[in-house]
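First up is the structure itself, then whatever we jot down about it.
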Amino acid sequence: MARAIMSDIKRDHIHKLLSKGKRVDGRTWDEFRQVSIERRFVESAEGSARVMLGDTDVLVGVKIETGTPFSDTPDRGVLSTNAELIPLASPNFESGPPDEDSIELARVVDRGIRESEMIDLTALCIAPGEEVWLCFVDMYVLDYDGNLFDAAFLGAVAALKSAMVPAAMNGKGEDFPLPIRNTPISCTAVQIENSILFDPTLDEEKVAAARLTVTTDENGDIRAMQKGLEGSLTLEQAKRIIETSQRLGRDLRKLIG
Amino acid sequence: MEGKMIDENGLRVDGRKVDELRQIKIEAGVLKRADGSAYVEWGKNKVLAAVYGPRECHPRHLQDPSKALVQCKYNMIAFSVSDRKRPGPDRRSVEISKIISEALEYVVFTEYFPRTSVDVYIEILQANAGTRCAGLTAASVALADAGIPMKDMIPSVAVGKIDGQIVLDLCKEEDNYGQADMPIAIIPRTGEILLMQMDGHMTTDEFNRAMEYGFGACEKIYQLQKDALKRRYAVEDVEGLEEDVPREQQELEG
Amino acid sequence: MARAIMSDIKRDHIHKLLSKGKRVDGRTWDEFRQVSIERRFVESAEGSARVMLGDTDVLVGVKIETGTPFSDTPDRGVLSTNAELIPLASPNFESGPPDEDSIELARVVDRGIRESEMIDLTALCIAPGEEVWLCFVDMYVLDYDGNLFDAAFLGAVAALKSAMVPAAMNGKGEDFPLPIRNTPISCTAVQIENSILFDPTLDEEKVAAARLTVTTDENGDIRAMQKGLEGSLTLEQAKRIIETSQRLGRDLRKLIG
Amino acid sequence: MEGKMIDENGLRVDGRKVDELRQIKIEAGVLKRADGSAYVEWGKNKVLAAVYGPRECHPRHLQDPSKALVQCKYNMIAFSVSDRKRPGPDRRSVEISKIISEALEYVVFTEYFPRTSVDVYIEILQANAGTRCAGLTAASVALADAGIPMKDMIPSVAVGKIDGQIVLDLCKEEDNYGQADMPIAIIPRTGEILLMQMDGHMTTDEFNRAMEYGFGACEKIYQLQKDALKRRYAVEDVEGLEEDVPREQQELEG
Amino acid sequence: MARAIMSDIKRDHIHKLLSKGKRVDGRTWDEFRQVSIERRFVESAEGSARVMLGDTDVLVGVKIETGTPFSDTPDRGVLSTNAELIPLASPNFESGPPDEDSIELARVVDRGIRESEMIDLTALCIAPGEEVWLCFVDMYVLDYDGNLFDAAFLGAVAALKSAMVPAAMNGKGEDFPLPIRNTPISCTAVQIENSILFDPTLDEEKVAAARLTVTTDENGDIRAMQKGLEGSLTLEQAKRIIETSQRLGRDLRKLIG
Amino acid sequence: MEGKMIDENGLRVDGRKVDELRQIKIEAGVLKRADGSAYVEWGKNKVLAAVYGPRECHPRHLQDPSKALVQCKYNMIAFSVSDRKRPGPDRRSVEISKIISEALEYVVFTEYFPRTSVDVYIEILQANAGTRCAGLTAASVALADAGIPMKDMIPSVAVGKIDGQIVLDLCKEEDNYGQADMPIAIIPRTGEILLMQMDGHMTTDEFNRAMEYGFGACEKIYQLQKDALKRRYAVEDVEGLEEDVPREQQELEG
């Protein structure tokens, strides 16, 4: 996706405020927007959550089916993560197969979940090498006002934590919750003229030079990172983002419960 | 299943009468980025519609120098149905997108905006029979919310047949065992039919009964559409100043 | 497909005649063009028919193979219908995967056949849940002069009625005709300035406001309908089209035999 | 199957001699919408060809400012072969389309129509070995029927080898057990080869024999092509007035 | 692919030299450029070869896996040939699925290998109708200076002759070389203003009228041919190309060993 | 595999120390057709990079009137890995192409060439862990070889964790059992980080150690990049006259 264009006036406005240490919406540099999470929004999904991060609105659903495992992990369930930047959510999103932006989003969320070992995939094996539970996480952006990474990640984690494995319907005993071992949280910051801003709005993203997403686990350890955009970060900036993510992650984790 | 879907009191599996609609909730202006939007809960259906435009038409060879195109994309999200649906259009959604586009094109004053496109996106978040009607109903409200000049809004509803009886607005459980399904969309003021499909088995008499039910229901749905818009404007009046700020910001973006 | 453009002169000509109750080719409003049906045109198909409706030319073939049933209908054969608007047939048809016009055509024909229960799919089960007959109906438009719906439907019905299930070749006993229970017929009309015209030519389609296809069975009952185009129909117009379709359907059914 | 395909009298499974063509029927001007068309029955092959153009070339970046493009699409319909073929181009049809396009481009005076495209569509309705040759033979006639200025028509035929013998125009049964297949297309007047492919096993002597058979057969096919055009024009002379009506109507459409 | 455009000056230069019986790089009409073959260039392939034909550079790899046979050849392994004209190799190659040029290239190479019966596919059957060896030949053009057909064919033949069937890894006994019965060679010539030139460079291809590729076996018999481009060949030219290919094939075969 | 990847002497499966790079060989200017190119052997990785441009940007709607686009395509060839990879981009290569494009865009003076595209192709001929870093390292050299004005070259390397220890430049065998992997790319002169990804499990201390190793290694790789370019120019000086001939020919092609 070509990055959306922004008027010079607006750009100058953001820069001018930043030079005074301020953000357009009055937040501090390390402050997230209002977060709301509505679990089980969609009944047809085994788990779901709708997350609002300010005006960014993401709906995540989890579908769980039986299927065959990958041949190199015969005793583990399968996690599959997909993101859809549907054109309903932004004038800059287009119809069609996932583009590089939705692929990056899906893969960054996927790595955060997978590398934190959030789900005990071994508990999703039914018959080794033959039948396992397949777990599809589909993330739909409904309204786009910046920081999709964190909104989608919160939605995915909340949806997974709300999900029941439909064992009864499949003749596999009683339904049970997805086996969750960890609650990872991702925090994303951007660098704009050497200022660091967490949870950027769309306008802030448009003027940002570099982006860093840091996913941490309950111990505060790093489980995944992704630097993005065409600009650079210094090592000090990276370290500051990591430390702040560890701190902010603790607060966000409480919201997920 | 013959004889099981309507009980001795003439009530259906969810307690409705044969000519009774499911509960319908319509909300206009629910999205920030879209030029217009609406959210519809219709029984267990959850539907979101958004409108962008009139805007430059892509691809350009589709541009019509005499009018705007109305291009609707109807889509079911992956987890809106019991078996996960692979993302991307299937043949069913392509057909539904086409007939909804045709219905909407009739009411939009397309000649006001030559060479442009009015893009309508309908996302079925949760599906429970009758999604194309809920989607078209939502799309009309979203168009109005976007301020697109139009003749009128289009309410839509399906009429079906179960246990040999004509029945309004089938829910999923009924639809699974239904003997006929006929989605329609009309302009209540003129009685013009803009969308009509049928599959199943109906006699001419049954068709006439079905149209009676359908026309009656569309009047009610139309009222709900208008109410949603009124509430939206009322809110705007109250919160006018606050609401204006983001609007101005949007203009700055050019 | 963007609808083909037509000159104003020609459009006026059609309108002027219509205002006098006449059609360009002299037919009455409820009159079909000359119909010709050539069965078994293609030997490599299990059934086939080439239908000319005036200058509209459609070739339909039926291929029948063994395969697995859908999991929700384990004891029924599978019917699959596909339409190809190949660029040989019209300057407005393009190469490529089926577009919305060919998808609509295929689905409307499919519903007419399926909803009339023309084929006894239960008689196409070989081993429940394991093996059934798959029946592919492929409709190719060879020359396009309007009213593809009825030409394709006639072709599909004639081809299906001519089809033999290739049991011997598949080691399943003797060949047998496809089990047919009903002969549905579709009739299509357009509305042009409140006139109703059946079996529209391409020129009539170009100036039409609305289209209605009504598929009826041997009892005259309605089995499928599809309204198309960007215009409207009144309830009276719809009723008139339905009644006329029931009447015309009886005549066309005789041609199929 | 060695030794079974040609009997003691030198006759083949369908009774032909080794250098004998199957029955070929060519008809020009068989479609109404196309600018030119031809239908060929060649043994059990049934082939339709249509020509549109010269017309605007799409996509535009393919336009050649110095000449027209000749773009042929060869296609087998789904039920033209014993196992249903999924619609859409496969690798075989892409290759055949390319070599037929190249052959046709040589004979069309492409420099007369810069920036345009001459589109040729070949549909194999029923296939029984030799479809590319039948298709190219039909396409030439369709181009002439469309009034496209061209150097000459191109007849085409395949020569094969069965039971160790060079044999003209293999039918499907022979092709299944053949030892070589060599489709060619030439301009009989000049002897120029425009299409030549071979697969199988041939010595140089066998190749020479095969070319002899092929050149001879192309002379005959060329005559059939010319006859088809003559019949077409003869019909037009008689039915001239009637035929002119739809032509005028087409012009009215702009 | 639209053929690349060439300046008139350069075109005239080639034509002028040709009229004196000369080529731009000083070769005779029937002389190949320097050939170099580096076998086993890629260790992750079961067989591979990198072939330089002058500045044309092609890398061919052979992957061998177990899989199911085609239903009409239940007792034979499967050969699958693919060519990729990757955009790294030429400003005129584009990203995306194989276009008509790469499909023609792959199919011509495939026919030469298949029709010469180079590989004994019956020796690649593991369990008839159930399991056979699948042999994928992938040809990547790395630098394009003309005559891809012969460079790719040489690469494919050399790669196949270097390939080991990975039986041990698949629990099917000891690894063994691919069963080779024949070493086919393809030779390609172009016609430019009635001159015949073998192994054309890119510049020569750009001005060529017609192209003929002739694949011969160890007896000099013809196994495959493909005429290409929009020009014509006389019968005499075709015969001369065939005879020369038989002769040149003997020399090239020695390089393959 | 815990505890088996690093032996009692602190040596790894291939005998390297924890902060030791694999053998790296860089060669510039290895392809004739490309405007710039480089070949990198990095342990058992074999990587080719080519640059075309600045040239007209396709599709045109992507053109930026203020600067050039840097469009990188990273691709693994079918037989570069142990299981054959189907040709065409997969999700992994789309993501890698994106982040490499972003890194390269930072160093190219894109504002010098508005509306154009600088196309970078990275082909992984043989893969053995760390291919994106080897690819980006090669791409920088290819850009320089193409004479594209740029701020600096970008060396890249991955740092990982095995047996609980931070380790530089994992090979495939280590990667299969690794506990973390962190590819980075920096500008050594300024210390700016242009690419950074991580997956696995690292404490903050481990991250700091990893960055130390990574920054140190990038210095060395940067030196190899510069050496490769120097060798390339040195060769050009000697063989200057010969080399000039094809260059002139290329110009003639327009």
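All chains are identified by letter, namely A, B, C, D, E and F, in their written order; residue positions are counted from 1 within each chain.
We take it that a contact is a pair of C-beta atoms (placed from the backbone, for glycine too) under 8 Å apart; a residue touches a chain by one contact, two chains touch by 3 or more.
As the structure is a prediction and not an experimental result, all values here were calculated from the model.
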Chain pair among A-F, E-F or D-E whose interface repeats that of A-B, sharing over half of the contact pairs by residue number: E-F
Interchain centroid distance [CA atoms averaged], chain B/chain D, Å: 51
Distance between chain centroids, defined by C-alpha means - chain B, chain C (Å): 28
Averaged-CA centre spacing for the pair chain E and chain A, given as whole angstrom: 48
Whole-Å gap separating chain C and chain D, where each centre is the average of the chain's CA atoms: 31
Chain E: positions in contact with at least two other chains: 98
Where chain F touches two or more other chains at once, by residue number: none
Running round the ring (origin chain C, first step to chain D), the chains in order: C, D, E, F, A, B
Chain E partner contacts - residues on chain D that touch it in the complex: 62, 64, 91-92, 94-95, 97-99, 102-103, 105-106, 182, 187, 190-204, 207-208, 211, 215
Residue numbers on chain D that touch chain C, as the complex places them: 31-34, 44, 46, 48-50, 52, 55, 73, 75, 77-84, 87-88, 119, 121, 123, 125-127, 249, 252-254
Chain F-facing residues of chain E, complex: 4-7, 9-10, 41-45, 48, 55, 57, 59, 61-63, 65, 82, 84, 86-91, 95, 97-98, 136, 138, 140, 142-145, 203
Of chain E, residues touching chain D in the complex: 2, 98, 100, 103-104, 106-107, 111, 114-115, 212, 217, 220-235, 238-239, 242-243, 246
